[in-house]
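Next come two complexes built around subunit A: one with subunit B, the other with subunit C.
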Partner chain A sequence: MTAMDLIVILPELILVVAGCLALVVEPYLKKDKTAAVTIVATALVASGAVAFGLAGETRAAFGNMVVLNDYAVFFKVLFAVAGVITVLMSPRYLAAYDRHLGEYYALLLFAIVGMDIMAAARDLMAFYVGLELMAVSSYLLAGFFRYHARSNEAALKYFLTGAFASAITLYGLSLVYGFAGATNYQQIGQALQATGNTTAIALATALVVVGTGFKVSMAPFHMWTPDVYQGAPTPVAGFFSVGPKAAGFSAILMLFLTVLDVSRSTWSILFIVLAVLTMAVGNLFALAQKNIKRMLAYSSIAHVGYLAAGLGALGRADDDLAGQAILLYLAAYTFMNLGAFAILACLKTQDPAGHGYTLAEFAGLARRAPWAAVLMSLFMFSLTGIPGTAGFIGKFYLFNAVVRADLAWLAVLAVIFSAVSAYYYLRVIMYMFFREPEREYVPREAIGGPLAAALALCAAGVIFIGLLPGSLWDAAVSSFGNFFG
Partner chain B sequence: MAEKILFIIFASLAVLGALGVITRTNIVHGLLLLVFTFVNVAAVFLLTQAYFLAVIQVLVYAGAILVLFAFVVMFLNLKEFHQLEQLHGTQKWAVLVLAPILLAEIVVVVAGATWTSVGAGITPDAIAAQGGNVRVLGITLFNEMLLPFEMASLILLVGMVGAIVLAKKEDGASMALRDWTGDEEAAQAVVEQEV
Partner chain C sequence: MNIPVEWYLILSAFLFVIGAAGVLTRRNLFIVLFSIELMMNAVNINLVGLSRLHENLIGQTFVLFTMTVAAAEAAVGLAIVAALYRNRKTLMVDLFDSLKG
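Take a look at the complex of A and B:
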């Protein structure tokens, strides 16, 4: 190991040090946890900034175990942004539940370290420990409200399904290791090119697709998602819907394009089938939800379906268009989905005992809390994919890439399902603006401070990407396809 | 010669200890005999110059795993275990069939692994030329595998933090689920509460 190796993992080192600092200062803080929040938020900003500053060059470290190239930088910055927004969402919400502990922020940082390593890994060993670091931290975050039965349920379900998913992924990867005799992505790729796409490699591919599909909640492996999102603390649920999902996709893209490139035909078919299923399940089940938090969980499944269609297109096409569109979509999705969850966190913070996330409670919100209603509408429009918002740009590039890969029918299906999704997204807006509330609501004090900052960040991201997607698209283009060079 | 005598002493003590573990009805005696067996096996490893395995044997088996067993014994408040009464009759016959199969499997796997590694040029001489098992393992662990190794330590840290977060005793823990037991309606309210 040299100093050069440490520069490559500098963004993660910053987060690890800050996480440990948060743990150390926690016992000295009384009710006011501002110090811990400041440390963590600063570290996330610094980590993202350092990663951004190191862009443009490819640096390998630890014997080619991790690299820092534009692809890793793209995801590290994305994770840092998602982390900052989650951290800003959390303080008031946790304080309302009397569970405002420094450990929460430390676990969040450690999860992001795992995600960073997943995106930067070029070796199965590094990938797997990154995955587990993210997963173990996530299970704990899901169960952070230990006095609430739903939170306990969420943690247990997440842990059990997550452990199964890890085991299945690992079994597939062990088969790959058996055939290739190497753990380095590049070496495996070369070794497998020599053997060709045998039945055994197709089996290993299928196992890895199933395992990683579990992690990003593709149907039919999505069962855990609604329960976990409903039971996890709201900021954590928002984080789960964007962070680990984006990390999962970063690893899926890397694994299938470099390690399992030889079985391209197998995995592209698998992803197309999963995409159709996932879009159908996510959108149709979301229609029936009366609980907005569960509805957002199913909507996140639907969005994974669109992304899976992109993966299928990537396997079919000769160019990288679909991969670049997936990166863009993940970035757009981060802002709009975290924003929607931030609104939920805001409403819940105002009324921890009474608010139940039901659709009925959104009736007349526009008069009680105009800002919350306006911002929620923006995020719902964006999730639907209305032009002028980030969601439209994401879908436009993604579906375009799917059409270019000669999968026009799949793109048509995706557009039809997007139209279906308009029903349950716009229904929320309709309730907020045009429905009379069923009962009297006590006027609540507006939530300011960090939560307002989180909402502002999300809204700014949604509008900026929606109106000026050029710079983000350039970043996605330069990030994708340059895995080893 | 001295090594042979020591080997016979430690190996027979290990076998006697293992026999004791499965014949004692007092669980605590069985547990102590298990430590005894582990330490003797570690001594056998030392005699065969497998120093690393000996250390791991003591640290992991005689240390960590035994503490786990002791916890289980304390949790369940076990004192006596009457094997014959608690075993179903048919299980005894299954043991007669399955135990030889297990033994055969172990022999095949160990012999097979030895065969293939010798075939691949990994002989005791080759390992000695590299400086011994501990050295080779250490170099791999702290050079090639340094990053995953350190990441694994981070996972353990997360595990410890999580254990504290989930299990620490708190003041004013009136929201604890256990306090609702007995009052069904209140318990149901907690279960249904959204977070």
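Take a look at the complex of A and C:
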């Protein structure tokens, strides 16, 4: 290791130091935890800014275990943004439950470090350690309200499925090591290319698809998702729905395009099958949900289905269009989904004892809380994919790439399922604006403070990407493709 | 006597399948945790056996990482189980069904 190696992991170093600082500083603060929140938020901004400043560099460090290139930078900036929004969502929500502690922020930062490593890893060992750092921190975040049976249950379900999935992935990776005799992505890729696509490699590929499919909640490995999102603290659920998913996709793209490139035909077909299943399960189950948090969980499964269709297309096509579209989609999805969860967090913060996230409680929200209703509508429009919002741009590029890969039927299916999704997204808007509330609601304090900032960030992101996607698309194009350079 | 690498792979495949079956069928939370550990250890045997086959130390290095991570994971898992037991006074997984819809 040389001192230059540290530059490659500088964004992560900042986060680790800030996480430890938050742990040490928070116990000394009395009621007001602003200092701890400030440290964490500043560190995330700094991490994102440093990563952004390193764009264009290509370096490898620690014996080619991690690299710094535009692909890693894209994800590091994305994770930092998701982290900032989550941190801004959290203080009042946690305070409402009397669980405003430094551990929360430290765990969040450590999870983001794990995600960063997943995106930057070019070695199975580094990938695995990053994955587990993210996962273990996430289990604890899901169970952060440890006196609440539901939060415990969410943590347990997340832990059992997560550990099971890790073990399956790892078994697949151990077989890959067996064929290649190396754990470096590039060396494995070359070694496997020499052996060709045998049945045994196809088996290893299938195991890795199943394991990573669990992590990003593709159907039929999605059962844990709604339960975990419902039981976990709302800001954490929002974070789970974007952060670990984007990290999962960053690693999936990397693993399948470099390590398992030889079995392209196998994993491409597997992902197409999973995409169809995932879109169907996510959208159809979301229709039946009366609980908005569970509805958003199923909707996140549906979005994973669209992304999986992109993965299938990527395996079929000769160009990188689908990969670039996946990157763009992940960025768009981060803003809109975190925004929707921020609204839920806001409503729950206003009424911790009474609010149950049910659809009925959204009736007449436009009159009680016009700003919340308008912003929620924006996020719902975006999730549906209405033109002018980030969701439309993401779907447009993604489905276009799917069509270009000669999978027009899959794109048609995705569009049909998007139309189905309009029903459950727009139903929320209908309830907020046109339904009379079933009971009287006590007037609540308006949204303010950091939560308002989080909402503003999400809304700005959704509108900006929706109207001016050019710069983000350019970033996605330049990030994707050169994985090692 | 030289033990061929296939023996290691077969042993590990058996252990892995036993572990996976345990996770999917057992009701007691501790047995489920043990089963997950069994799956991780199947991976370790695989890696060490294959490391011997390739005559490099990468597999054995990998095992050090997986063991460390498995220990951390077990610690977190047991912490979650302890918190859950305090609230629910049971360890049967199928009774944890308050989240559904």
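In the analysis below, the second predicted complex is superposed on the first by the 485 of 485 C-alpha atoms of A that agree within 3 Å, B and C clash if a C-alpha of one lies under 4 Å from a C-alpha of the other, contacts with A are read in each partner's own complex, and residues count from 1 in each chain.
To be clear about the criterion, a residue touches a chain if its C-beta (ideal position, glycine included) is under 8 Å from a C-beta of that chain, and two chains touch if they have at least 3 such contacts.
Quick caveat: nothing in here was measured; it's all calculated off a predicted structure.
Colleague: Who does A:G178 touch here: subunit B (first), subunit C (second), both, or neither?
Modeller: After superposing on A, A:G178 lies in contact with subunit C but is clear of subunit B.
Colleague: Now for A:R146: first (subunit B), second (subunit C), both, or neither, which partner does it touch?
Modeller: both
Colleague: For A:A163, using the defined touch cut-off, is the partner it touches subunit B, subunit C, both, or neither? Pick first, second, both or neither.
Modeller: Only subunit C is touched by A:A163; subunit B is not.
Colleague: Once chain A of both complexes is superposed, is A:E132 in touch with subunit B (first), subunit C (second), both, or neither?
Modeller: A:E132: touches subunit B and subunit C.
Colleague: Given the touch rule stated above, what does A:F396 touch, subunit B (first), subunit C (second), both, or neither?
Modeller: It touches nothing on subunit B or subunit C.
Colleague: With both complexes superposed on chain A, which partner does A:F464 reach: first (subunit B), second (subunit C), both or neither?
Modeller: Neither: A:F464 stays clear of subunit B and subunit C.
Colleague: Answer with first, second, both or neither: which of subunit B and subunit C does A:P226 touch in the superposed model?
Modeller: second
Colleague: Check whether A:F52 is in contact with subunit B, with subunit C, with both or with neither, and answer first, second, both or neither.
Modeller: In the superposition, A:F52 contacts neither subunit B nor subunit C.
Colleague: Go through the superposed model and pick first if A:W371 touches only subunit B, second if only subunit C, both, or neither.
Modeller: neither
Colleague: Do subunit B and subunit C touch any of the same residues on subunit A, and if so, which?
Modeller: On subunit A, the residues that contact subunit B in one structure and subunit C in the other are 125, 128-129, 132, 136, 139-140, 143, 146-150, 152, 230-231, 291.
Colleague: Quick check: in the complex, which residue numbers of subunit A touch subunit C?
Modeller: Per the stated touch rule, the residues are 124-125, 128-129, 132, 135-136, 139-140, 143, 146-150, 152-157, 159-160, 163-164, 166-168, 170-171, 174-175, 177-178, 181-183, 226-227, 230-231, 289-291, 294.
Colleague: Taking the complex as given, what residues does subunit C use to touch subunit A?
Modeller: Within the complex, subunit C contacts subunit A at residues 9, 16, 19-20, 23, 29, 32, 36, 39-40, 42-43, 46-47, 50, 53-54, 56, 58-59, 61-62, 65-66, 69, 72-73, 76-77, 79-81, 83-84, 87-88, 93, 96, 98-101.
Colleague: In the complex formed with subunit B, which residues of subunit A make contact?
Modeller: Where subunit A meets subunit B, its residues are 1, 9, 16, 23, 61-63, 65-66, 97-98, 101, 103-104, 106-107, 110, 113-114, 117, 125-126, 128-130, 132-133, 136-137, 139-140, 143-152, 230-234, 291, 293, 348, 355-357.
Colleague: Any idea which subunit B residues touch subunit A in the complex?
Modeller: For this pair, the touching residues of subunit B are 143-148, 151-152, 154-155, 157-159, 161-162, 164-166, 173, 175-177, 190-191, 193-195.
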